[in-house]
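Working notes, structure below.
Naming follows writing order (A, B, C, D, E and F), and every chain is counted from residue 1.
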Amino acid sequence: MPGVTLIEYDDASPEVRAVYDDIKTTRGIPDVNNFWKALAHDPKTLARTWSSLKEVMAPGTLDPLTKEMLYLAVSLSNACEYCVHSHRAAARKAGMSDEMLKELMAVVGMASETNNLVRSYQVPVDDMFSGPVF
Amino acid sequence: MPGVTLIEYDDASPEVRAVYDDIKTTRGIPDVNNFWKALAHDPKTLARTWSSLKEVMAPGTLDPLTKEMLYLAVSLSNACEYCVHSHRAAARKAGMSDEMLKELMAVVGMASETNNLVRSYQVPVDDMFSGPVF
Amino acid sequence: MPGVTLIEYDDASPEVRAVYDDIKTTRGIPDVNNFWKALAHDPKTLARTWSSLKEVMAPGTLDPLTKEMLYLAVSLSNACEYCVHSHRAAARKAGMSDEMLKELMAVVGMASETNNLVRSYQVPVDDMFSGPVF
Amino acid sequence: MPGVTLIEYDDASPEVRAVYDDIKTTRGIPDVNNFWKALAHDPKTLARTWSSLKEVMAPGTLDPLTKEMLYLAVSLSNACEYCVHSHRAAARKAGMSDEMLKELMAVVGMASETNNLVRSYQVPVDDMFSGPVF
Amino acid sequence: MPGVTLIEYDDASPEVRAVYDDIKTTRGIPDVNNFWKALAHDPKTLARTWSSLKEVMAPGTLDPLTKEMLYLAVSLSNACEYCVHSHRAAARKAGMSDEMLKELMAVVGMASETNNLVRSYQVPVDDMFSGPVF
Amino acid sequence: MPGVTLIEYDDASPEVRAVYDDIKTTRGIPDVNNFWKALAHDPKTLARTWSSLKEVMAPGTLDPLTKEMLYLAVSLSNACEYCVHSHRAAARKAGMSDEMLKELMAVVGMASETNNLVRSYQVPVDDMFSGPVF
């Protein structure tokens, strides 16, 4: 299955190249990964998605490794194969060891089981948990 | 909707009490939360689930706060309301600030969007990402 | 939240009443449950859904209890609260005991965990499993 | 995509071999399937998952065939390809005929449709369904 | 992975051929697509599914293009690869341009993100939104 | 369950008020709905989400009604109750009649069923569908 054609830097419009350049500079990498080369078919979505991702994944009170591991956990849970590949690579680059990955995968698996048990048993929320989020 | 009846300590069998006691001791809390009082209808599942959770959530190369945040991220993604309440509380107890929670929720939301974009565009995996997990 | 208004037999069109009558006769019950009273807002969808459900849930090589338990397992997995309530009731009527329900819920929870582990580890399909479905 | 490397019996640690041996004895099979050879990268998760699965899938008030069909139904609903392959094989070994599989798949499909209709119409739970689970 | 064997017209029973013929006539195509050739293993499910699909996808107050785009959006959201392929083709045949597809995919992605944010923040329903569906 | 506290205009920071003002002007409404009053706890996420949504939902080659119906279909499929309420209201404001809503819900339900059948039968992609997305 060929999927989508990829738009390489040399074939990209100036608008797309500007986004590619910002990704490469921000991440210190020689080329962007396929996700961006696919989104480039829709330059507005490319620009918006990169701008959002850059803001969301920037270091904050959570460090980049924690953010990447959260991203990976959600991608595993959502069964997005490409996302798992790319964010596992990103998390490893940010310092995730094999042991950390194994523990992360065990947590994701366990959460799926207890999420299901909670729903099956229709567990009512404890009074002590019932305050507002913020 | 009444959901499930809850089995309190005083009404529990010795087998169930032993699990409740271990949860209370391990977590340093005066009473177990409703999840366990619901699972107590099936003592084998109660004992197995607690034993598994205790092992998975024990401090390892990932610290308890990171594990609780991963658990929360998956529960948000799975839309399990009770799980979100209980693991948000657990993550806060382990040190998650309001700012950290906001960043976590932004990552979960962003991951869901890009997971969908990746699938919509059928992005092929980059060669550099294609090595084995382990 | 009021949800949807329910169309009672006395207020229903002849077309809708004919479906209600067939449901009541087939199941030997005095009134249809709310699902049908909601679908009655769209008589074509009501008739088509009942006709399909009647065919799918009729006794075949699988007995009615097994079919209801499969329906319940999928509804638990899909987190459809109403469906869980109605199919748990139907399964109980078909002979599911409390013990059987507990075992069913344990299987559903366990499957969710191993489904996630399989995806996380990207397990390749064994040669012995790789034949065609039919 | 290579996925994960598989740890064969001859290359496994004594801890892992003990689990493999128990799986082979319990199931009366000459070798374990790939799921276990993948989990073996994390011996604790391997041991815990096998121990849990063995308990959950042991004959109880539900027979092994029913349990395997429930496992398969959830795996189909969760779109876990490997799990579908392995549990379809297990269910067949436990006695599931082609006709039973077809009926199972029809139930899973139908449940997905009505689960969605119920949520779309926001059907309120009938009073007769609203009692506690246990 | 071979998946399922496909039942071609020449090898089909009269019962299956009748459905194939109706699909071909209704759609004005020379052969049915693989979905139907797979379902043909279960002639009752084949006939019921075609009959339902024909009714649901017939022009109504929504035109065929809108219906196909809704079908595609749900299939993208459900991560059903085959369905995405077949309904993207159907939507294109019904008039969906590349630009329309890009906008559709952007909406699907955005909806997934805000669906998650809504759940994470546990947003209460506004009074003005709380009336019944019908 | 109180959910999240809502930040009203009078209590909002200038940064948040600027977003509220833009939403009100763009949509021609006297007050923003609860989603925005909840996101206001994280002003950066509020601003980013509004900016993205405004871009994605602006009239393009797809008209606003079609976009709102796609948004609603995904929200139904994702079982996000608040989102269903708010986007059903938005779609109605954009011109969706009761009949159109019923047809939309029938399509969403049908898609869920066939998505599951496709996966259950492991249908291989037809050659004619296998070209690249773009």
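Simple rule for what comes next: a residue touches a chain if its C-beta (ideal position, glycine included) is under 8 Å from a C-beta of that chain, and two chains touch if they have at least 3 such contacts.
Since the model is a prediction, treat every value here as computed from it, not as a measurement.
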Copies chain F and chain C - interface residue numbers shared by over half, same or different: different
Greatest separation from chain F - chain, by CA centre: D
Fitted rotation between chain B and its twin chain D in degrees, CA, nearest 5: 180
Distance from chain E to chain C - Cα centre to Cα centre, in angstrom: 21
Chain D and chain F, separation of their C-alpha mean positions in angstrom: 35
Rounded Å distance between chain A and chain D, as computed from the means of their C-alpha atoms: 28
Set of chain F residues in contact with two or more other chains: 1-4, 41, 45, 52, 56, 77, 79-81, 98, 105-106, 108-110, 112-115, 117, 119-122, 125, 130, 133-134
Chain E-touching residues of chain C, taken from the complex the two chains share: 1-5, 41, 44, 48, 52, 55-56, 125, 130-134
Residues of chain B that touch chain C when the two form their complex: 1, 41-42, 45, 78-80, 133
Interface residues, chain D side, partner chain E - complex: 79, 81, 98, 102, 105-106, 109, 120-122
Chain C residues within the chain D interface of the complex: 1-4, 6, 33-35, 38-39, 41, 45, 49, 52-53, 56-57, 60-62, 66-67, 69-71, 73-75, 77-78, 80-83, 85-89, 97-101, 103-104, 106-108, 110-115, 117-119, 121-126, 128-130, 133-134
In the complex with chain D, residue positions of chain F that touch it: 76-77, 79, 81, 84, 105, 108-110, 112-117, 119-122
